[in-house]
Amino acid sequence: MSGLKRLIPILDRVLVQKTVAPTATAGGVLLPESAVQKINSATVVAVGPGRRSSTGELVPMSVKEGDKVLLPDYGGTTVKLEDKEFHIYRDDELLGVLTE
Amino acid sequence: MSGLKRLIPILDRVLVQKTVAPTATAGGVLLPESAVQKINSATVVAVGPGRRSSTGELVPMSVKEGDKVLLPDYGGTTVKLEDKEFHIYRDDELLGVLTE
Amino acid sequence: MSGLKRLIPILDRVLVQKTVAPTATAGGVLLPESAVQKINSATVVAVGPGRRSSTGELVPMSVKEGDKVLLPDYGGTTVKLEDKEFHIYRDDELLGVLTE
Amino acid sequence: MSGLKRLIPILDRVLVQKTVAPTATAGGVLLPESAVQKINSATVVAVGPGRRSSTGELVPMSVKEGDKVLLPDYGGTTVKLEDKEFHIYRDDELLGVLTE
Amino acid sequence: MSGLKRLIPILDRVLVQKTVAPTATAGGVLLPESAVQKINSATVVAVGPGRRSSTGELVPMSVKEGDKVLLPDYGGTTVKLEDKEFHIYRDDELLGVLTE
Amino acid sequence: MSGLKRLIPILDRVLVQKTVAPTATAGGVLLPESAVQKINSATVVAVGPGRRSSTGELVPMSVKEGDKVLLPDYGGTTVKLEDKEFHIYRDDELLGVLTE
Amino acid sequence: MSGLKRLIPILDRVLVQKTVAPTATAGGVLLPESAVQKINSATVVAVGPGRRSSTGELVPMSVKEGDKVLLPDYGGTTVKLEDKEFHIYRDDELLGVLTE
């Protein structure tokens, strides 16, 4: 299976990869569930050019590649690209950008 | 768990922290339930840049960081950031700003 | 409980206080139910700056502080501020302004 | 009960008073039911300034005070002002203006 | 009953009178049902000035007084004016204009 | 029945005549069902002037008289004009134009 | 059956042909199901001119003939043209463009 390597989202769609919660990584110790926000956070992998306004112009996107974003509880479409799981959201569905 | 410290809301979303009702604080005396409005009031922690109008321009937000706001009875999304509970509302869902 | 004294409504919301029907006030005589319109009338306590049009501009409000307004049969949100009951309506939901 | 005498409708609302069908008036003779249109006709008592277009401008009203209008079968809000029954419709709900 | 003679439709409404299917007229011979289209055809009696566009301007009507129009299967409001039955449709609901 | 011969569709409506599937025509041989697309194809008989945009201007039609079009699986209104069956679709409902 | 060879989609519709998953092609060996994304990918065969914005102007399409696109899980209309199966989606329904 040669390379269908990249997905360029259409309009205002955002391709994200969910942050994997580190359950029992370093040394096998099980981590507590207090890291709840990790499950709903993701890294933006690719963004579309933006949706069209009612007058037909491109509306700028709220996020960019590499952003850590907070996902809504519901929604999004699961897609598989080369056996890795990604999710597609519309720019408007994302709740916020997480910064340090 | 290093610091995913801040959430910058997307579009017209507002991150708020609900006002904790002081039930029996000073001296252990149980307070009456007359302080009902406290439950639906919150402090704005962060605001997004605003939604886009139908022609694609940014619409100014109604609230700013630090505002005390009156929340609607329903709606809002609960999020956890570093074990503290916050809520996200859209600017349009907030009922009003409380001033002294 | 120090003073969360005023509520400034957001967008096109209107804070009103319902007119209390004078059932048997002066002298204890029970009044007839003919004063039906009083139940659906209220005094405007505070008004928001107005909603945004589809192009993002502020739309002027139809009512101002002090107006006596006719309320619709349904709708509105009940809020309590310092133990007094108020109601919030959107400007568009109010039926009319009552004048003498 | 002093005078809450007039109602100025908000936006594109129209205050009407339904035409009373003259069943057996002059001399006590019962009239036939052929005057069916009378039940759905009304006289405009007061009109609002008009609704706002999507760009926020006032849209002119279709009717004016004194017009005889044809009402739709459903809709409208019943209000009582000083024991008289009136109805409120939106300008757009009225079917037409009756002329001689 | 003096004359409430004419109805001027409001906005984009059209007052029509349905074409009466000539079932067994000339000489009492029953006509076949092949004249199906007659039931859904009507003559325009009066037209409103047109609806308002989202920016508040009048949109021209598609039909004019005297036009023979094809009616949709559903919809329309039945009104009686001086014992004759008429129907009101919105301009947009009419299917087409019938010409010879 | 004199001639109500032509229908000029209103706004963005399109009058089409469905392509008749040639089941067993030439010589009585029954044709296989592989010609499935024929059932959903039609010839445009008449087109309206176009719908009005939200600002009230005419939007050009996608099809013209004589076009072979692909119809959606659902929708459309059946009309009979002089015993022949036609269908009315809105321009936007048609799927595509078939060319050789 | 002579040639109804091409379909030109109307407005913002896109005609696609689904990518056939190579189950057991080269040598008869059954392939694993890991190539999941293949089922939801398709090649664009033809695109319409674009939908009209609310002001009536053509909105550019997101895809072009020959693009490999990611399809949503639901939606689309199945059409048959000369015994081959195609699917029609609206430009806005497609999730993204797959590139190598």
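Each chain carries a letter (A, B, C, D, E, F and G) given by its place in the written order, and its residues are counted from 1.
Convention: a residue touches a chain if its C-beta (ideal position, glycine included) is under 8 Å from a C-beta of that chain, and two chains touch if they have at least 3 such contacts.
Keep in mind that this is a model prediction, so the values were computed, not measured.
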Given chain D and chain E, the chains that contact each of them: none
Inter-chain centre distance, chain D versus chain F - centres from mean C-alpha coordinates, in Å: 44
Multi-partner residues of chain D (each touching 2 or more other chains): 54-55
Arrangement of touching chains [line / ring / star / complete / other]: ring
Residues on chain A engaged by chain B in the complex (per definition of touch): 34-37, 40-41, 53-55, 57-59, 62-63, 68-70, 72-73, 91-92, 94-100
Touch list for chain B against partner chain A, complex: 1-11, 13, 15, 46, 48-49, 52, 54-56, 77, 79-83, 88
